[in-house]
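Have a look at these structures, which come just after this line.
Two complexes, one shared chain (chain A), two partners (chain B, chain C).
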Partner chain A sequence: MAAYCRSCSVIMQKVNCLGACHPFKSQSLLLHYIRRGFGTSTICRALNPVQNKNLRAGKQKVSINHDKPLTYEQTQPPNMIGVSKSWNSWNSGSLNGEREKNAAQIVFEDIFIRKFMYGTWHNLFANEVIIKRRYNQIIIAGLIEQRNHNTIYFLIGYTEELLSFLLKCPVKIEIQTVADKKDMIFRYI
Partner chain B sequence: MAASINQAVRRSCKSLFLIRSHCCACTRAQHTVVSSAKITDDVVEKIEIPKRKKRDSLSILKALASTVGKDNLAPRYMYLDDPYLIPRNEREKKMFAISKSSGREAARYMINKVPDCFEQDTAVPHIPAFMPPKTSYEHKDPSEDALIERIEMRHVKNAIEVYQHIKQKGSQLTEETKLRFLEILCVFNGKEPPPSQHPEEVFFGSQELQKKPRFREDIKDATKTTWDNPVAETLFEELSNKTPAAYTYLIRGMAMYFEANKAFHLYNELKGKKIPVGKEVYDSMLAISGKYSTSSEECFKLILDLLGDMKEARVKPDVLTFNAALKSLIKFAGFLSDSKLRGAEYIDRILAEMKFLDIEPSLATWAHVLYISCFQKNSDGAKLYRIIDYLKGREMTFQDPDDLTFFSLAMKKVFFSCKDLVVAYKINKLLNTGSNRKFLGDKNQTNDYYNYFFRVLCMFETVDKIMEYYERLVPHTWLPYRNEFQFLLDTIEVEQAYRHLPKIWSDIMVNGYDFINMFTDRVFKMMASTTHPPALQHQFAMMAKHVLKARDDLIERDRRLSIDINAPLLGYMILLFLRDGQFDEAWNYFERYRSQHGKFAGLMLDNVYAEMVDNCIKQQDVQKAFVCVALMGEMSANNQREVVKKIRENFNLTESEREELHLLVGS
Partner chain C sequence: MSAISLRSWLSCRLRKLFGDNHFGCIYNRPYLTSTNLQNVQENTDRKYVKYEDEIVEKETEKFRVFEIPGLKRVQKERWIQYKKREFEAQPRFKQMLPDQDWTKIWPGPATFKWSVVPFPVRQGFIPRPTIGDGVPPGKYANTELIKIPNFLHLTPAHIQQHCQAIKKFCTPWPAGLESDQKCHKHFPLEVVTQDYCFSGSSVRDARARSVTVQFKLSDLDFDYHARDKFIRLVGPRYNKNTDEVTLTADRCPLKTQNYDFIVYLLTALYHESWTVELWEKEKTLDDMEKYFWDLNASRKTILKLLKQIHTIEKNLKLSSNVKALPYMPENPSEENVLALKEVQSYKEAVTDLFNEDETKKNLKKYKEAVRTLLNIPTKNISISQRQ
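Let's turn to the complex of A and B:
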């Protein structure tokens, strides 16, 4: 059975392997991940340098004038997740045993939450929406642009209540602010 | 068998002991071996495995929590962990509470409008709190099931409607259902239950937010507090078998909504029939005995009667019983002042009874005692001293909702009655003992407590000590208000501790423009009153610059808000610039005053001109000195003569300049 890895679009060899969708190329990388802590997302890395070079998914295209602003998040390709940047969804959905039960449900909910956040907090997010699941709690974190205090307090109350009723679990918002979205620019390409 | 097990245990104990001793530091290995060999002979025989300690699910969390104290520099956990979004003053805190709860209300509105979208139930186990409220009933015809359904959903009005339909039809209800219906009628006084408040609103103090207009009829109904419940009374009359539960519900309902006469009538009926009822009935009767009686003697006699009845009925009282009794005496606290001894006697007798029954008083008990005993005009607060000494070092447990009133009340009494710094410190120490801080109550009570504590501090303490407390509390635990700032500035003025002014001024600025306008005169007058060390002087000048800049910004942006600056205040600021050596800045504002002095109310102080001319002399700028002299003439300053004399002495004036000066002075 062949399937595509959703992050790196390489055909996966073993679908049901624990934690990683591809066998580890080198021992050192495996050690690296073990040392870094317990990441449960799939590890995105091509099998050989040629394939690695041809990876396109999750990488930003270079613009003609080299004036396309990128955040730090966007500058790091997917294979650097867990190395120089972190995951956007934190959950135990890819653990053995959990995966069959509710991995699909979690992915679906995360997509829904992201769409909800970008729509409701329109034009406010300066970076990605981070979704963390702890016990039965969902914590939505992120960086937003500074607006009128009351607007933000209202949106927090509204989002917490509505999402709690939709997802049937306590939802919390942990927001940090930046004065201007331009402060988030890390590099122009 | 038993012997062999015993031996095995002993052997394992020995080996454990040896392992432990081997774990000791290597340097002391020899010593350890010797001592362990000694101990194994005589001690091991006596080893007893300690009994298992009982731990509940919170024990570990409590133990962990006891290792950390309160971080005074952090905002409340409720607020967002972002510097921009943390509310800084009272107005912003109110906006936080209102905005967040109205966001929740908006979400609730959507949920109520399209409940179908929220019907899916993924939670295991099922969480009813996250389900949309039911809009339709399963049983639509008036029947017993329909009534039970409405009672379970707490829809009091609809339940009454169904009950009346059932009565019209003439069908019968079981006694059990009637009792349940009576219970819900008595608890909610025959009205819809009040809407629940969001946590932010609860902390902000419910009374404040209730001031916002309520247009919905059902909410207005719910806030009524008088007993108006004919349905419950007729239902009670119709009960064929009046059980103790029925009496309990009705009496407690009447007591809750202060219907003293009917409640006592019912109680006497119950007493006559010798129906056994629980402690709660006696508690609620005690709570309204103040309402029923007209004098303190009568009230106390009633309390004694009720307690006697309890004894007769073999009902065991607890701390809530005596709290209710003391609370009903509060009503007569003003009258008790005529017979001071009697009030003390009542308190003593109740407390003695509590001690006799081995009931530990809660903070509410002491709050009621304080209310009664320290109400008198010439009260010396003797009771307060004894209470605080009694409570010293105790960690209290929460027993009565009135426990939350103790700390703010005690501090208020310290300020009004005894004015004693030592007691204030003792109360503060008690507050910081263990987890006693949770008794501080909501925002209003917290503010009360710290306001009075701070006023007492300002009366007796040195400025440095006051500022130590100030820096610990402000801004996250407590923000001073107008009077507290006045007290603080008074103290600073007396002790001439001007070094604290920048810190206080920044806190005044946080409170908004009306605060700035209220205190600018006072603060800048204090700064300009003397000269200070250069670093401080520079800070003061920066503050002046900041205020003037903020004013100019405001004028450009929005004309409705403004920082009022009058002529004396501008004078102080010019003085601050001059003393910091910023002659150009000072001249800039001096010039502005000269050209548009109609816009600044009042007159500058005379010494502003004098210092300005001194600085002109330093700069050797004759023309500017002449401008000063001209303005002095215009504003009829008193010290013009001395200033002119100084100019003549310090400048080498040419003939034309002499003439100019002569023309300016006119002599």
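Let's turn to the complex of A and C:
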């Protein structure tokens, strides 16, 4: 018997059924829901080996000399979200009863925040912008390269103030620094 | 490998790494050429790159010759930052004491900070040990640890401090409510409501309006008719096995309104149950919700049978020692016979057989009741006779 996961378009098959290949295929649909939990970033899909081979979206291309640097985030394909890497947006939008209410609004705001951060903190972020929502609070986390303090203090205050006005809720920036962006390199492909 | 070839190899690598826009950290730094090796050698200690544009030789004194741009190769001298950037200061966890107060360092919920958390922690997946460092990525520059929620603000020390802080608001448990039975006795109504937490700009949730009230039917003061009518009125909301009634309301937009409605509903149901309508008296034997021995033919039959045995016995004038029914009184009036213990137990057995299932227990009970009623002796079969 196959069951259908509404939140991520996964067709769950029982173990004795052939055909489907999914990271959670040995687990129940309920457990799958629990593991999926929060987050609205990329869609997780069930694939058989042939489909998996032909899937190219979200996968990094291997360079000729195998010297293309990748972060940990980039090495994991989208179908491994929830398995070996977690979501970049953490909110309750995918929960039962929440989807119809404010999931679209959350996705729209997240895109806006990412665009805003890309422009305002240009060339500073060493990783993806991580957006967490707790009640009506939005927390923007990430790793940046070290710059002089005044610049960062200004940017934090400016971003928090402006985004709070634009999104009409408290916005907090929780950033940390890395010495060098090269420290983010996980492997070369 | 000589120094020059090593450096040119390095420059080639770096250009591939950071020259294009493939990677998030873009260092649009110029690459190394063999001409400026000497300069690099001298400036290895420099932390930041000094970018110099083309150095055009100033030959002011000579006659200026027009040079077609791009025709002659212009040598460029550039610096390269080949040394990694380093931190200005030590991370905080390196300055921490082993006996520090963690609650001061991590007072509330916060994103994981590699520079503050003093213990080693790793998160990540490596499919093969040849990938990465051979072990899951550590806490430094680890995005996965930033994403996940942590409980570093809820250590036992934190909880203890929270408890200490709210202790002054605590009152002792009220006397007389020690056990669940006592609680149930004083508070028979159980009200269930839900609140919803979610990420959004509003705290309102339409699902939070519904209210459920549960109570035991035995807590209400009823006679048989009122109880039966109440059960008929509430229908499937009554659970026969647990004797519980569950009333749910979500018709009003607010929680309080729904609660008020349920209280009103309960009051109305209770008083309606006690009223007896005129048409309720037209209830016949077929309308009965269960078997009543007193209204059925079984009662008449038993009375008739016992009376008949008594009459025959009287007419035969047997000696008093061998009475067919020793329990029969001298005056076998209807009240006297019905009050008999044997008849009562028979009544109970027949009622159980009709109202409950024909279980082994009920059948046995019926058998015993009939035996006692008709004074049929139990056969005492010894083991030797059986064989």
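Everything that follows uses one rule, which is that the second predicted complex is superposed on the first by the 146 of 189 C-alpha atoms of A that agree within 3 Å, B and C clash if a C-alpha of one lies under 4 Å from a C-alpha of the other, contacts with A are read in each partner's own complex, and residues count from 1 in each chain.
We adopt the following convention: contacts are C-beta pairs under 8 Å (C-beta built on N, C-alpha and C of every residue); 3 or more make two chains touch, one makes a residue touch a chain.
Keep in mind it's a predicted model, so treat the numbers as computed, not measured.
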Chain B and chain C placed together on chain A: clash or fit? clash
| said: A:Glu73 in the overlay: touching chain B, chain C, both, or neither? Say first, second, both or neither. | reply: second
Of the two partner chains, chain B (first) and chain C (second), which one does A:Lys115 touch, if any: first, second, both, or neither?
neither
- [ ] Applying the touch criterion given at the start, work out whether A:Leu166 contacts chain B, chain C, both or neither, answering first, second, both or neither.
- [x] first
In the overlaid three-chain picture, which partner chain does A:Leu155 touch, first (chain B) or second (chain C), both, or neither? first
- Task: Tell me which partner A:Ala141 touches in the superposition: chain B (first), chain C (second), both or neither.
- Result: second
Of the two partners chain B and chain C, more of chain A gets touched by chain C
Practice prompt. Tell me which partner A:Gln176 touches in the superposition: chain B (first), chain C (second), both or neither.
Written response: both
Clashing segment of chain B (vs chain C; choices 21-29, 57-65, 543-551 or 561-569) is 57-65
Note: overlapping chain A surface for chain B and chain C spans 105, 136, 146, 167-169, 174, 176-177
Interface with chain A, chain B side, in the complex: residues 80-82, 84-85, 87, 92, 95-96, 99-104, 106-108, 110-111, 117-118, 120-123, 127, 130-132, 198, 200
Residue set of chain A touching chain C in the complex reads 63, 65, 67-73, 75-76, 80, 83-88, 90-93, 95, 97-98, 101-102, 105-106, 123, 125-128, 130, 132-136, 139, 141-143, 145-146, 167-169, 174, 176-184, 186-187
Residue positions on chain C within touch of chain A in the complex are 13, 16-17, 22-27, 84-88, 109-111, 113-115, 124-125, 131-132, 137, 140-144, 146-149, 196-203, 207
Chain A contacts chain B in the complex at 105, 136, 146, 149-162, 164-169, 174-177
